[in-house]
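The following pair of complexes shares a single chain, subunit A, combined with subunit B in the former and subunit C in the latter.
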Partner chain A sequence: MFFFTVRRLLSSIVVLFASSLAVFALCVASFDPLAPYRTRQPAPPPEFFANLREQLNLNEPFISRYFSWLGGVLTLDFGESNGGTAVGPQLLGRLGVTARMVIAAMVLAVILAIIVGVLTAVRQYKPEDYLFTFLTYVLIALPTFWFAALLKEFVAIQFNDLVGQQIFYTIGEQSPAIELIGTRSEIFWDRLGHLILPTISLAMLSFAAWSRFQRAAMLDVLNSDYIRLARAKGLQRRRVLVRHGLRNALIPLTTVVALNVGLIMGGAVVTETVFVWHGMGEYLIVSIGRSDLFPVLGWLLVAAFFVILFNLIADLLYAVLDPRIRLN
Partner chain B sequence: MKSTRRGTAVTATFAVAALVLAACGGGDDPTTETPSGGGEGGLEPSGSATYGESTAFPENLNPLIAAGNSVATSNILVGILPGAFIIQPDFSLSHDENLLESEPVSDDSGDQQVVTYEISDDAIWSDETPITAADFEFTWRIQRSSDPADGGCEVLLGTTGYDQIESVEPGDDDKTAVVTFTDPYPDWQSLFTLYPAHILDEGDDAANCTAITEGWPIAEGLPEEFSGGPYQLTAANIDAGAQTVVLTPNPNWYGEGPGLENLIYQSIGSESNTTVAALQNNEVQLASPQPQLDLVGQIEGLAPNVTSSIDFGLSFEHFDMNTANVHLGKPEVRKAFALALDRTSLVEATVGAFDSRAQVLNNRVFVNNQPEYVDTAPEEYNAQDIEGAVALLEGVGYTIGADGVATHPTDGPLQLTMSTTQNNPLREQTIDLATAQVADAGFAIEKFLDPDIFAGAEKPTSLEARGFEIALFAWVSSPFFSSTKSLYVTGEGQNYAGASVPEVDELLNALTSEVDRDAAVTMANEADALLWEEMATIPLYQKPTFTAWSSTLEGIEPNASLAGPLWNVGQITVA
Partner chain C sequence: MTTVEKAADKVAPPQTADPLHEQVEREFTVKARSQREQVFRRFVRNKQAMGGLILFLAILAICWIYPYFYRFGFNDLDATSRSVGPGTNGHVLGTEGLGRDLFANIMRGVQRSTLIILIAVALSLTIGLLVGLLAGYYGGWVDNVLMRLVDLILTVPGLVVLIVVASNFPNLRSATGIALILGLFGWLDLSRILRSQILGLREREFIEAAHALGASDIRIMFKHLVPNMLGSIIVWGTLAAATIVLAEATLTYLGFGVANDTSLGKLVSDGVSAASTRPWLFYYPGLMLVIIALCINLIGDGIRDAFDPSNKRVRA
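Let's turn to the complex of A and B:
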């Protein structure tokens, strides 16, 4: 397993290098940070443009700019945005924001997926199975942004109107300046009120697919010989389901969850935009809009790092959870 | 029993995780400082209001440099930086009566233009240092040049106007600033948004330039938290992570108000559903998003809890026709294109859908609702005239083929590309409509959403490279119009169409030194009338702006100029 891990890490570095070079080339070809100033009236003086080109190293050859950035990355210096803000601390702060949403969403999605997956497997072709099958396919088909908009309109606003109090919020991670007017508990509930809808919105994206996966895995296990044997030996149905069935049916889900971290982070781009969370997703969108090269590259590196990391974790977990698999 | 405990445990696990996540978020929460006090007069600060900023959160607060050049920055600073003149909602100019004792007047009677500013005795910075002529002098000194060899600073976004000042000196006392211009400057009222010399002056030009280059990074706030307006911004009230800033009353504000205890800026992005939901859920009380049909309709549906207003601003859309093109180099072809356009129906179908008050714009210097606006368009361009357009084309050798496309014996078919920006449905719709309209006259137009339209000359299709054929984009008009020459004078940098009319050159060059505003307006309108003959640009319509606010707010007066929706921020109160 050690050699497998080392091999995977080395190949990941090559992938990371190639993808960063490709994104760097694409960004350099399409970004023009000077564009917003060309339509200013009156036009900025020529010295302004010359200085900005110099400041942003636009006069340097492409490859030298790339390796200069790469050299910085090796010392954890991710460069600066066009506006002079260091990218590294920005990434770190925003990663915390996104992680909060992603972790909450994953916990919720996993719990719901297991419950619904097991229930629909055990009650196969019963009304509950048909109901949840219908619901999960609807959720799979719903675009994230639309589902988020529905949550805002029909959960947040309608519910708040109904109870005459602001329980759910539609923007941000907390009410601005809540510290001015709020007690500690009010601040706490305010944050919770901001967390719930984005979490549900993001969680449903994965829950639907994972519950189908869990259902299939559970059915597979339930129809296996050792389960029939266990039942034939007189073990309780609940004990067979949980100890022998669920435990084995969770193995594939574990790896799927790990593999889907990248997908959830991708979903967070949309969710963050809709719920105005200033996390990694928003950073990418705003930076592309600003033709800001280094934040885009920084985002890519962080996102790629996590995708690679969780892919590796998925592989390792699979081997750990299933003793029949040997990665060597 | 067991299963109940397990179920409870699962629920509890999630609940605890959610609570922990909720509790550990933020981290950099500002400890908001709320000083008591505020200004004089009857308006006492009370309550809070949140402005939902739809443009990106600023990285830097110094508006003199690229990093601080954003709408969000100016919306934050409008209540902090004192300025000599304010653009009113009707686009007229009025002096700031809190800052100045009397309206400054330009004296052109001598050899040089001289403007005297009498500063109010009450006017002080937030640290109680009086605002004096030294602040005027410093404001001029740091913006007078972008040439380092001349003591200037190359990071400055603009030096216009300040580069025409010879000196700024105290008058009878330091509460009088006397500004003497080297060359007459008609737009002198655009100058002097003041910066505090006693805080920002580093002593020499190079050190000042270094400080300007660094700017005021948002996380650090303003140097010594200075303010000369009704509100102040303390570093503790900036949460760059959550992208919010909270303005609180300037305890040493010398005017009336302000009316709010906390004015909160929250970056909410430009997604229209977000703005609607945030207003509906009372999470923001004021917003000024880009108007889109669905957004406007949804917000208007929130009445009476939310009030909204569409106003036509100083930004206008127009077609630029590249005179270097083999077809468009012929004035007759450009005129034929203009005749074939039905601008009235084009306006009705685009901006007219927002507001029935939308009109066709018939001036390139002034927009319809400016007091200086004159309809300079010749009669023939007020209605579509396909026959006239075809006749003009046939007059220069084109014949309409069986495919309906006009073809020149040597220059080929009249196939042109119409470029515009990406992700702008209104512009795309305008091009689609125009394409259909001019097709009847033999023009075959292809739409091109050019990502490089505003790129530098190195991109072959950009405006600067003059690689376009017809381009649709906007110019921002202004009450200050002496710089119009850069758009229409022969060889000027932003004259992308390549218009060249000697009489226009003469008029617009003279405009830059005409200090009699009435005479300057007449000259500008004369020049515009002549540009119809050249027909290198066709004005289309003013772009609408949109302001929406909670009905609990009072004092909101939408201002479609660059002053923005918070131009009178000191007067906004919660009912």
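Let's turn to the complex of A and C:
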């Protein structure tokens, strides 16, 4: 297991470096750091652009620009945006905001997917199965932003009106400046209130597919010989389902959840836009709109880092849960 | 999937005019069905899939034919009724701020979205098929290079790659332009699926036989491998169509999709900003999109079950 871990870790690092090169190539081809000056009236003289190119190292060959950026990243310096603010602290702060939503959504989606998946598998071809199957099909067909807007405009606002009190917050990740005036518990409850709707809309994106997957895995296990043996030797149905069935049926789900991290991060961009969060997603959209090179680079690298990290976790977890993998 | 199975569920009816010995022989024979017939029969018997298919075809027929008979064109500005609700002044589903009829626009949007689906699926099918065939059939360094490339692209969230690429081409904001961008990045999962299938297929006897008979690589790929993977390709195509509809809507909502054109995604994203004041602009395009995506998914799952009834896999 030790050598397996080391081998997987090393190959993940190689993939991360390759990915950073690919990301750099994509962004350098996409964004022109001089773009904001090109549309200025009156047009700046050519010497100005020449100076700027020299100043931003744009005359250097691609590889040396890549390595100077990478060298900075290794010391956690992600460069500066067009406006001159450092990208690193911005990314870090916004990552904290987005992580709240992403982690909460993943936990919610996994728990719901397991419950619904197991329920529909155990009660296969019964009314509950058909109900939830229909529900998941509809959820898979829903665009995230439309569902989020539906929650926001018609569920949350009408519910708040009904109760006469703001339970669900629909804008922002917290009330403005609450961290300056509120006590610790006030901040917590305020942020929680802001978190509920975005989490639900983000979780529903993955929940539907995961619960179908969990249902299939559970059915696969329930129809296997060792379950029949466990029943035949007289174990209780509940014990067979949980100890022998569920434990094995959870293994495939770990991989799927880990591999969907990229999907969720993409979905978080959408959810943040709908609920006007000041997180990673907003940063990305705004930076792309300004064709701002380093913030987008930083964003993509952070995303790639987490995707690769979760792939690694999935591999290791799978090897722990299913020893056949590492003995091949 | 390669063998022709004999369906044993239906005994041919006895033919009274036949001589006796033939009748006795018939009693124990069953009518052979080709694989294609079996798949077709299984699909037709699947209620959900057939329901989805009929609804989908009905929507397409209405949206392509009815505009010729409808009183409002999708671009007509009705100055007398701007932002009116459903049923006012002959506007079945109401109008938006400039007085354009919503129903006419939804029909136009469905037309453009079908175009997007066709272009994007055709493009990514071509690329995915080529990459999958090359990687799976030749193996070795070709396989390594291509599959590592796929892995690399998959390390970045797909939506974000689409945004970055789309932001480069502000001139491609029409339905066809977005379809090209979606198609260029839609082939990754297909190439992986096909590669893994070829790895199994290329060791089989019929490929070896084709080799021994002197068939060229191209012939083996397109005459022997592709027909054997037709099921997976069709299933992928259907499910990809649903993904593309949703991806187009999301991209447009974020401001990097269809801009000076009509599409279902454009209508849905425009509707979101009007959700509280003019809810009909929010509900109807969104419902249309959901129904279309739902139908395509039902059809896709139906085709998959028809091709592979033993193994009810799900997508995740």
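Everything below uses one rule, namely that the second predicted complex is superposed on the first by the 247 of 328 C-alpha atoms of A that agree within 3 Å, B and C clash if a C-alpha of one lies under 4 Å from a C-alpha of the other, contacts with A are read in each partner's own complex, and residues count from 1 in each chain.
Everything that follows uses one rule, which is that a contact is a pair of C-beta atoms (placed from the backbone, for glycine too) under 8 Å apart; a residue touches a chain by one contact, two chains touch by 3 or more.
The shown structure was predicted, so the numbers you read here are calculated from the model rather than taken from an experiment.
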Next on the checklist: With both complexes overlaid on chain A, does A:159 touch subunit B (first), subunit C (second), both or neither?
Outcome noted: neither
Next on the checklist: Let me test your reading of the model: by the given contact rule, A:226 touches which partner, first (subunit B), second (subunit C), both or neither?
Outcome noted: neither
Next on the checklist: For A:22, using the defined touch cut-off, is the partner it touches subunit B, subunit C, both, or neither? Pick first, second, both or neither.
Outcome noted: second
Checklist entry - Does subunit B (first) or subunit C (second) touch A:62, or do both, or does neither? => result neither
Checklist entry - After lining up the shared chain so the two structures overlap, which partner does A:215 touch, if you call subunit B first and subunit C second: first, second, both or neither? => result second
Checklist entry - Thinking of the overlay built on chain A, is A:270 touched by subunit B (first), by subunit C (second), by both, or by neither? => result second
Checklist entry - Counting only touches as set out at the top, which of subunit B and subunit C does A:179 meet: first, second, both, neither? => result first
Checklist entry - Is A:30 contacted by the first partner subunit B, the second partner subunit C, both or neither? => result both
Checklist entry - With both structures placed on chain A, which of the two partners, subunit B or subunit C, ends up touching more residues of subunit A? => result B
Next on the checklist: Quick one: is A:130 in contact with subunit B, with subunit C, with both, or with neither? Answer first, second, both or neither.
Outcome noted: neither
Checklist outcome for this item: Overlap of subunit B and subunit C contacts on subunit A, residues 30, 149, 152-153, 157, 273-274, 289
Item to check | Of subunit B, residues touching subunit A in the complex | outcome: 3, 10, 13-14, 17-19, 21-32, 34, 48, 50, 52, 56-60, 66-69, 146-148, 152, 154-160, 214-215, 217, 237, 239, 241-244, 246, 262, 264, 266-269, 271, 273-274, 277-278, 280-284, 451-452, 454-456, 459, 463-464, 473-476, 478, 483, 486-487, 493-494
Item to check | subunit A partner contacts - residues on subunit C that touch it in the complex | outcome: 148, 151-161, 163-165, 167-168, 242, 246, 249-250, 253-256, 265, 268-269, 272, 275-276, 282, 286, 289-291, 293-294, 297-298, 312-316
Checklist entry - Touching subunit B in the complex: which residues of subunit A? => result 30, 32, 34-45, 47-48, 50-52, 55, 81-85, 93-94, 96-97, 100, 103-104, 107-108, 111, 149, 152-153, 156-157, 160, 166, 169-177, 179-181, 188, 191-192, 194-196, 199, 238, 273-276, 278, 282, 286, 289-290
Item to check | Complex contacts: residues of subunit A adjacent to subunit C | outcome: 15, 18-19, 22-23, 26-27, 29-30, 137-138, 140-146, 149-150, 152-154, 157, 209-210, 212-213, 215-216, 219, 256, 260, 262-263, 265-267, 269-270, 273-274, 284-285, 288-289, 291, 296, 299-300, 303-304, 307-308
